[in-house]
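Following this line, the structures themselves.
In the two complexes that follow, subunit A is the common piece, with subunit B as its partner first and subunit C second.
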Partner chain A sequence: MPRNRAPAPATTSDEEETAVRADALRPTLELAEQIWNQLDAGEIPRMRLPLRTKQNLEFRMREGVWKLGRQMGTRSARKLDGALMLLRTFYLVDFINEMAKSKKTSTLRELYYISEAWQEAKFHSEDESNLLIEDLEVLCQRLREDFRLHPEENGASVLGDLTIKERNRKGIVKTINCRDDVGDGGYALPFNVEKGKIEFVKTSAKFVIAIECGGMVDRLAENGFDEQYDAILIHLKGQPARSTRRFLRRVTEELKLPVVVFTDGDPWSFRIYASVAYGAIKTAHLSSYLATPSAEFLGVTASDIENYDLPSDHLSEQDVRALQAELTDPRFGTAEWRSEIELMLKNGKKAEQQSLAKYGLNYVTEHYLPEKLAEMGVL
Partner chain B sequence: MRSVAPPSIAQQLAAKQREISVAEFFERNRQILGFDNPQRSLLTTVKEAVDNSLDSCEEARILPEVTVQIAKEGEDRLRVTIDDNGPGILRREIPNVFARLLYGSRFHSNRQARGQQGIGISAAVLYANLTTARPAKIVSKIEEEEAAHVLELFLDTQKNQPRIVSEDVLLWDRPHGTKVELVLRARYVRGRQSPYEYLRGTAIVNPHARILLIEPDGTRVTFERATTDLPPIAKETLPHPYGLELGELGYFLKSTKRPTLGEFLAKDLQGVSARAAREVLAQCALPANRPPSSVHSEEQERLLTALHGAALIAPSGDCLSPIGSMLIKRGLRNVLGDVRPEFYAPPVSRPPKVRAGFPFMVEVGIVYGGALPPDQPVQILRFANRVPLLFQQGACAITNAISNLDWRRYGLDQRGGSGLPSGPALILVHVASTKIPFTSEAKEAVAEDPEIDREVTLALQVAARHLRTHLSRRTRRDLAGAKFEIILKILPKLAEKTSHLTGKPVPDLTPVITRIMDVVNLEAAVSRDASGVHVAVEAVNYTPRARVLELFAEIPPEAMAGATFDPAPDGTDPALGRAWWTLSKLPPNGRTKLALTFPPKTDLDAADLDWYVAGVDEAHLLGADPLPGDWDVRLPRTIVEAAEAAAAEGAPADGAEEEVDYDAAESSAGASDDE
Partner chain C sequence: MPRNRAPAPATTSDEEETAVRADALRPTLELAEQIWNQLDAGEIPRMRLPLRTKQNLEFRMREGVWKLGRQMGTRSARKLDGALMLLRTFYLVDFINEMAKSKKTSTLRELYYISEAWQEAKFHSEDESNLLIEDLEVLCQRLREDFRLHPEENGASVLGDLTIKERNRKGIVKTINCRDDVGDGGYALPFNVEKGKIEFVKTSAKFVIAIECGGMVDRLAENGFDEQYDAILIHLKGQPARSTRRFLRRVTEELKLPVVVFTDGDPWSFRIYASVAYGAIKTAHLSSYLATPSAEFLGVTASDIENYDLPSDHLSEQDVRALQAELTDPRFGTAEWRSEIELMLKNGKKAEQQSLAKYGLNYVTEHYLPEKLAEMGVL
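Presenting the complex of A and B:
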């Protein structure tokens, strides 16, 4: 039975690679053995997995993150869907073991296409394959990188006075300052942001501000906010990728910097904050590795919309449903979040970050952010 | 000087009074008579002629051969020819039958027939005369004469009399028959409310008829007969007092040959015994020995009231001509062959009932699946006295009865539980009566009537219950289908993959397969060749323990006579169409085969055979049912013991059902951090 311990981070340092990879795939073969034994014993093959649902999120006081609880589900060959998922699992296990032998890696999307050859076991969508990989992560307590699978999309971009060392594709270590050595787009995070790939060298920054939209990142950069307030700007690009969340976690842990999250004022942005700070539902098995419990929500809050009299839109039906779903989401179970969500429902309004431009292009950097950051005690 | 008085109002009115010509009558009643547009006029013409053909063949006990040929004759003109192998019409009757409105033999008869009023075919002739100025050409030959008579006729619209424009004789290559040829303004379409649809419906409810349609483009559509059995002839019966109206009673009293009122009541009316006659007469204070013709109108009224209030024997259904459940099935199957429906509900023929003194009965058939459209309202085939009703569906009592039933209970979609259900189904309803209440003279829809509604509803419910049983069996089969997919496709691959990954041999899957399936599966497949109709049966024991199966077959008795079995059954009951076998012990995953052979051309398909297995309960059977208790077969001791052991064991202790299905929980919980 899998325990919900945080998996050991994958590493790419050359000397360790072979040993780590062999160990990485051992649990997948144990899984095959388990099913073979069931078949041999005349039992209907099945696997038990912790449910990755919001009802099965539990708060871990010690780590300050939400992780998977004890509710288990069964994937059984008694039903057609279950039987297909079991078969898929071993096509996947076979595939990643073959990849390890030939020292190849594959993107998640490539895996989806690889499955075309699996006949009835092929995936019908990339979502389906991603979910199964996460299942395998949970079952084997490994990361998908251990399975030599990675997303094609890189993480976010970083802008500010932070010097890092990155070992690039060719194995050459580059030292990069994320303000002085990069163009206007900032430093782009690779999908692997682990030690061995990226090391922090130094920074003069006093805090990190994680921002939902690119337009707002550009505004802060153009207004020189990062230099004026000694901030590192990180562009989340909507719901942040794993590498972005892992990077945020490392920055706070290793550089001891506070993180604030600055998003639009709508229900979906609340979820962005929740997955950064508390852990996401689908990757709750990785929360102690990906979540940044110290991250604080800066805004735009429902009260900001009123207090700053921001141009707003009416909540759509989906928005209202999303807010109501959040009221039953344990991660939003605090009094603060409840009142925030209820206020937004009551006012029926949402606003974008960039609506602050109503008061001019400098308003966000000269008034809004300094005020909010002072309120939060960051400045 | 005498002043000239102006004509009085009465005189003025009198000057305007004149006979209305039939042409005017026709013009004003075109819609009622079914000639309001070129498309409908064609249909009405075909319908009237074909109804006549079928009625005359039925009376003469001839298997009908009817040909309808429609050919283009000009811009908006068609030549319509309908010929039959009926008894033919006497020369002297031909002009009146075809060219005189309100002339016919059936108006006064008290039995079920297609046509009744004697308007139909003459109206078609009149329509043809009026629209193209062409005479109707009639060819008719009776068996007793050497040659056929050929007449060309107009209907004289002033006098409502036939006018013969030419006459000839012809040596015809058939012993008897009639051919009508009309040129009329009309339009041919195929589809709804077309001659094609009408003839198709006619073929379904007249499976003894062979109907050929030749369309204007030369396409020949043959509705082959599905039986050579003629429908039993509907008896002509005496009028029953419950359905009698005052005028009719007066007519019967005047025209009877009975000398006394008592004898008239007991012998000229149906359902009145001698004793009932005495009671009725006492009730209305009329002496039994009065000559019937002397009863005056006030007395007639008293007599009728007494008759209506008396307890009489209900009208008999002998005068009805139902299709019968077997022929409904054959007719449907014959005509719907290319739709390949998956299910024919056993048709329902309700016993005759009475409304307002007239007997009636209702028949219903339901067909499901195949190429019938799955997401549209069901198709409704309405029939009145074996005549398809193609118009006014929404105003018909039959449609209403269908709409008022909650079809969701029977497995069809229906928004809100009323209105026309939708799904791949076809519902046939036939109402037969000596007097069908139509909504109008056009006879297109049955009028609302509580008695008819009740009977239609009861019949629909019986047929719908069969549909529900079929659908729930199908659901079980689909579930089983998923299981078959697991055991036949997925498990072997899962075993192969995990063996490959672990480097171990592929395990024997029998125990897992039987745990997943846990059923005894029976499959019967029918094939045909020159040597006969073959039914191949395979029984597979997909349960975890070895079983001795006691297998029972129920076969239509008429088919059973010529059947051979391999292996030979351990017992048969030919009268009931039953055969049974005790099969050798089947291990888990073990299978055995049985072959049944019937003579070539036996009318039999897999659905006609029922299979039962003793000693296995319903939950563990697929393709067969548990042996019903009423078979009264003494079962071998082993079977009884096996059944008792299984019952004592109860549900399999598996516990897996209580667990949360991981994949179902994933999808239903829904909320993720993404949208």
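Presenting the complex of A and C:
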């Protein structure tokens, strides 16, 4: 097996996990120290953090991803609102450190309810707690996963010849091959796919195909596409969760595998692709962890709808508006995307990926994908 | 291990799978023969099938589930619409038999697109194709899984000491322990959980806890609840998919394990419980496969919200209307449910299951669940 496809698995010993976690918490303690020093010097405590407004977002053409700009804001205890925000921040820092000590994790919703005990500093909605966690990510340059916080729903599922090691919640490391050791449901990504939690052991795969719909993943698996073409199938489950995007990023980076994205052919699916490749506005502060700029869009393209004469629907008014918005979105600023979007607007048609079944259940794996992948130079 | 918890695994040899499938298709061929005979006798072809109208639904108090009544309807080729329905039915029968021969399965959406090739008999919407499949289930007394048809999304995930055998799509039988052989994401239920596809091998569990939210499943798993109390955790993912309900039914029936249902405390979660226990109106023809009448509701109850002083929200107008509708729903016809619903209406409050985090991350597994399960006689 070529070296670049089989990185030596990093050790995932208890010591190492502890080390990773300690490093994750350090910036939260520095933050606390900073406030302590301000209080000690008799100053009104304050924090400076990058603004996460739309005006402070920059699309970095060279890296191909969204990043936060240089504008900074200040949160000070001079006013009641600011004081409450600072109090809340340190209740959160305290909770995060407590969790690490007791080796717990928490859902974002649990955190919201945990704050019931913070009295006047408690959150009034889950949006409020989610925003504060994102602030802390920006301030500390860490992922919320490092803080042991996670959303309700887990990530996607993976099918194909990829062997991973997962350290489960009991600290036991399990070696799982995502083709041989799982059922038809595949390997379910946990919410944390960071190093220390998941390591890649080996793969014989030549590329990764990230797929919007579960039905299409099942089709490719049933038709043996993963084995015939040495592919890893990843189910995006619509707009992909953070853990799915992080997993894709790690797969490209560490296994040096190309990623292609296979979705429906409509403006919303274009955005699924964009969030995989260039990141989302909401998580611009994490683009370098989550985005996979080398990911390529396979289809369904507007020209596929014509070339393959696919059953299609008319674009709705909403679809048209979404496409028009994409024409001014820097993520779709290339000549290829512009002509793709303009063609879809001109033809007024969208199509689902499963519409390829018009030609039978094997068409997608025997004709469509081999043709498209050859065109893209992946096969 | 007591005998009733460790049924001998049924053989899942290739021959047996073929036998199961042949039996599944027999009624579709009988249907075809029937029409053939009518045509041969010079009659206008027709089919009789139980009406699936609301008026023809009966709640069978003794069995505790919804069933179809005795009213029958006739579909005849006398009119164009009826003729098209018959044509469509036999295109579908043909497709189902072809799939079985080539060992394929198909998503409901693929079927919809497959019908593009049926010319004037093609479906005009996915609702239309879904309805016809349900008709065929009623006519043939089979599950759509027997016809190798499945929805887009798979079932829930399972965590706990339960060893199953799954025959995967390549025909290979895999033995998987849902605690030791999976990652934190658990064992993902495939869309088909019938005998021949999945067999139970053994378990040390004493009961099953079916849980609405993924975050709560993670909480119980992280806190080691499954090991401490010998429980199998099943994530319902909101309103549970067919395969999840079928899996719960098989677990109670074959492993003789009690099932408790743990959801949010609101009218919509009551309905999740009802669909697990008594079946849904839409799948009344399948209640004896899908419903688990012995499943008990654990909470969050209206009285829990008071007794545990949980953070709650006000009932919306929609919530109130849903509760009022439940008062006339025969599935909630018991004295317990009536008083539960009336209490919720009186207090005007609902609460999420994760609101128990108000008292810390361990409260649910150290206090709430042991108390409630002891009350119910499960622990």
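Everything that follows uses one rule, which is that the second predicted complex is superposed on the first by the 252 of 379 C-alpha atoms of A that agree within 3 Å, B and C clash if a C-alpha of one lies under 4 Å from a C-alpha of the other, contacts with A are read in each partner's own complex, and residues count from 1 in each chain.
The rule is short, and it goes like this: a residue touches a chain if its C-beta (ideal position, glycine included) is under 8 Å from a C-beta of that chain, and two chains touch if they have at least 3 such contacts.
Source: prediction; values computed, not measured.
A.B. asks: Looking at the overlay, does A:Ala374 come into contact with subunit B only (first), subunit C only (second), both, or neither?
C.D. replies: Neither: A:Ala374 stays clear of subunit B and subunit C.
A.B. asks: Once the structures are superposed on A, label A:Ala357 by its partner contacts, choosing first (subunit B), second (subunit C), both or neither.
C.D. replies: A:Ala357 sits against subunit C, while subunit B stays out of touch.
A.B. asks: In the superposed arrangement, does A:Arg109 touch subunit B (first), subunit C (second), both or neither?
C.D. replies: In the superposed model, A:Arg109 contacts subunit C only, not subunit B.
A.B. asks: With both complexes overlaid on chain A, does A:Gly183 touch subunit B (first), subunit C (second), both or neither?
C.D. replies: A:Gly183: touches subunit C, not subunit B.
A.B. asks: For A:Asp40, decide between first (touching subunit B), second (touching subunit C), both and neither.
C.D. replies: first
A.B. asks: Is A:Lys282 in contact with subunit B, with subunit C, with both, or with neither (first, second, both, neither)?
C.D. replies: first
A.B. asks: Please indicate which partner A:Leu327 is in contact with in the superposed arrangement: first for subunit B, second for subunit C, both, or neither.
C.D. replies: In the superposition, A:Leu327 touches no partner, neither subunit B nor subunit C.
A.B. asks: Just which bits of subunit A does subunit B share with subunit C as contact spots?
C.D. replies: Common interface on subunit A, subunit B vs subunit C: nothing in common.
A.B. asks: Sort out for me which residues of subunit A touch subunit B in the complex.
C.D. replies: Residues in contact with subunit B: 28-29, 32-33, 35-36, 39-49, 51-55, 71-87, 90-91, 93-94, 97, 120-121, 131, 239, 268, 271-272, 274-275, 280-282, 318, 322, 325, 329.
A.B. asks: Please output the residues of subunit C touching subunit A within their complex, sorted ascending.
C.D. replies: 99, 104-107, 109-111, 113-114, 116-117, 150, 152-155, 157, 166, 168-170, 174, 176, 181-191, 213-215, 218-219, 221-222, 224, 311, 352, 354-358, 360-361
A.B. asks: Sort out for me which residues of subunit B touch subunit A in the complex.
C.D. replies: On the subunit B side, the touching residues are 482-483, 485-486, 489-491, 493-495, 497-502, 504, 507, 509-512, 515-516, 656, 659-666, 669, 671-675.
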